[in-house]
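Multiple structures are listed underneath, in structure tokens.
Each of the next two complexes has subunit A plus one other chain: subunit B in the first, subunit C in the second.
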Partner chain A sequence: MNGPKIMFEIPIFGGIPVTETVTNTWIIMAFIVLLSIWLTHDMKKVPSGKQVIAEKLVGMLYNMVEKNMGKGYVNFFAPYIGALFTLSALGSLSSLLGMRPLTADFSTTLGWALLSFMMIQGNNIRCNGIKGWLKGFIEPVPLLLPINIIGEIANPISMSFRHFGNIAAGMVITSLLYGALASLSAVVLQWIPNTFINSIPIFQLGLPAILSIYFDLFTSFLQAYIICMLTMVFVANAGSEEAARGE
Partner chain B sequence: MENNLEIVTIDTEIGTEQLTETLTETKVEDESFLNFVTIDVWTLIFTWGNLLILFLLMKKFLFKPVRKMMLDRENEVKELYDNAERSKADAAAIKADYESRLSNAKEEAEQIVKNATRSAALKSEEIIAEAHETASGIIARADKQIEAEKRNAENELKNEVSSLAVSIASKVIEKELDEKKHKELIDSFIEKMGDA
Partner chain C sequence: MNNIEFYRTIVLAASAIGAGLAMIAGIGPGIGQGYAAGKGAEAVGRQPEAKGDITTTMLLGCAVAESTGIYGLVIAIILLFANPLVGMITG
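Right after this comes the complex of A and B.
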């Protein structure tokens, strides 16, 4: 199984490789932005059609962020979580169109997890001060310092590997399945004395679609939901009650 | 798998160097892949940049306009309700005002009627008194007139009677009577009679 293909190189700094992941991200971003523009185009006081959907989605997102984090975080985190969720979900779902999913690249999920990690620590420092933040590592007893540090560092690692692992495993299993079904087709069809008919992988029809409901549709949304939920909960937990209320 | 170049870029420096090397080597084939599990720093940086850009674009094109529309509508509905509430309060105030005015008007009307009745009574009394006065004046005048008439009639009667008496007496006594002397006599007699 290959990693992401290097599509081209930007000839600065000794050549910056631009991988399939990045180009696919751009395609998906363009799609999301066009979709956003289309959804918000020609909005009216009395909503109808697509505007109802747009308002429903945005309303749900804002409610979810407010419920999980508090009023004080809504202004920044609702759009951030919205962008992250959309990019993650559509990035994973892009495998349905035969594109390599962005989230099957560990660099992508690690990037998102590191952003979450920085936001968690940043919010902790913002609310408790550097002293309070450092003090948090020796609580409840100083003996737990290494465990606390490992606990903090484990967050982005587990987050990124969970997301990457689920999508990548789905991709691997799907391709293994395709290979296996092709072999099975060849074995079953070998009695027919025609090389063209022999080469038709008939079993590839149907069965992978059923599995793809789990591996593509379900996992894509689930993993997007998980990384967003964890980011929200960890960031809000790192901050104080006052920050949650927006004071 | 042969085409696939083993690059584990955990160490950035070495990773990118190797990458550039391998890229120059494999330019001819134009097919190069990263490892399946790898940390590619450039991809990581692109991921950050992309997410930031998407965040900003989505905020500008989706969240802000939709949010604005929703809040605008919320405010408008609130305003409508406020207005309705205010109109209701206004209507209640106006109603109370009217009611108080109506009761005032009733009182006023009563007052007016009472005043009118009183002034009418006064006026009628006045008129009646005046009428009485006039009537009594008329009666007095009439009395006086009657008195005068009476006196006139008496005088006339007296004259008639005296002349009648004289003529009767002259008839009785025949020519021997001096009319002038006798008339005086009779008159004095009647005078005495009248006094009696």
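Right after this comes the complex of A and C.
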């Protein structure tokens, strides 16, 4: 297994490398933008066809955010959570097309986790004020200050490692399986004298698809769901009850 | 075989063994998630109408319980593919 390939370099500051992950992100982003334009294009008062699907998806998203965070956060957070879920799910699912999944690169998930971290701290400051936010670190007793700080910093680290680890583990296991199946086919087919026929890795057909259902489909959606869920729960917990009710 | 090559081989072998040992961390989340899934099944049996809520709560709990296993996995991946310890002797 190798790291992401460097596609090209931006020739400023001594060359900034642009990796496969970044270019794949651009492709996914363009796809999401086109999908959104197509779904919301030509909207009517009485929905039909694709508009029904679009309204259903947006309604589900707003319901989920309202259920987990409260009425006060819906309008601000639902678009972000929807964007995060779509990018994460499609980014991991892109491995089905043979692209390198975005989330198999730690930088991507760390970026998302840091965004969530900023939102958690920002919401805490917004609801409790700077004084209240600082006071939260020495509660319940001042002795716990280092533990509280570590606890806050560990949050984005565990969130990003969880997402990265799940997708990267799937990638490692899939590539190991492909390697093993290639050698198995080579061993089984070596009695055939024709070098073209015995170099075909026949066992790679079909068998990896079963694992792919778990590692690509299930894990992608589950991890996207979990990162959104944790962001919502942590942000809502950092704020006060009044903010959740929208007062 | 010169000296640095010899040490390099030892460090590589030790890294591979270390990666294998790091994956022992997988035992903990396995037990924890199995326990969570068992309790989830029990809860669905007791209250079948709350199946949706129970499943989402269980998946979320499983994901959080998984972190320790993921830390072990990350250490193993770093040891296998990034080889930070080899750089110490050659560099």
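Here, the second predicted complex is superposed on the first by the 247 of 247 C-alpha atoms of A that agree within 3 Å, B and C clash if a C-alpha of one lies under 4 Å from a C-alpha of the other, contacts with A are read in each partner's own complex, and residues count from 1 in each chain.
By definition in this document, contacts are C-beta pairs under 8 Å (C-beta built on N, C-alpha and C of every residue); 3 or more make two chains touch, one makes a residue touch a chain.
No experiment lies behind these values; they were computed from the predicted model shown.
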Which partner, subunit B or subunit C, touches more subunit A residues: B
Which of subunit B and subunit C A:4 touches, first, second, both or neither: first
First (subunit B), second (subunit C), both or neither touched by A:168: both
First, second, both or neither for A:70, with subunit B first and subunit C second: neither
Which of subunit B and subunit C A:226 touches, first, second, both or neither: second
Set intersection of subunit A contacts, subunit C complex versus subunit B complex: 1, 3, 164, 168
Residue ranges of subunit A touching subunit C (in the complex, touch as defined): 1, 3, 158, 161-162, 164-166, 168-169, 172, 222-223, 225-226, 229-230
Subunit A-touching residues of subunit C, taken from the complex the two chains share: 56, 59-60, 63-64, 66-67, 70-71, 73-74, 77, 81
Subunit B - residues contacting subunit A, complex: 4, 16-17, 19-20, 23, 31-48, 50-51, 53-55, 57-59, 61-63, 65-67, 69-70, 72-73, 76
Complex interface listing, subunit A residues touching subunit B: 1-6, 9, 14-19, 21-22, 25-26, 29, 32-33, 36-37, 39-40, 43, 45, 47, 51, 54-55, 58-59, 62, 78-80, 82-84, 86-87, 105-108, 110-112, 114-115, 164, 168
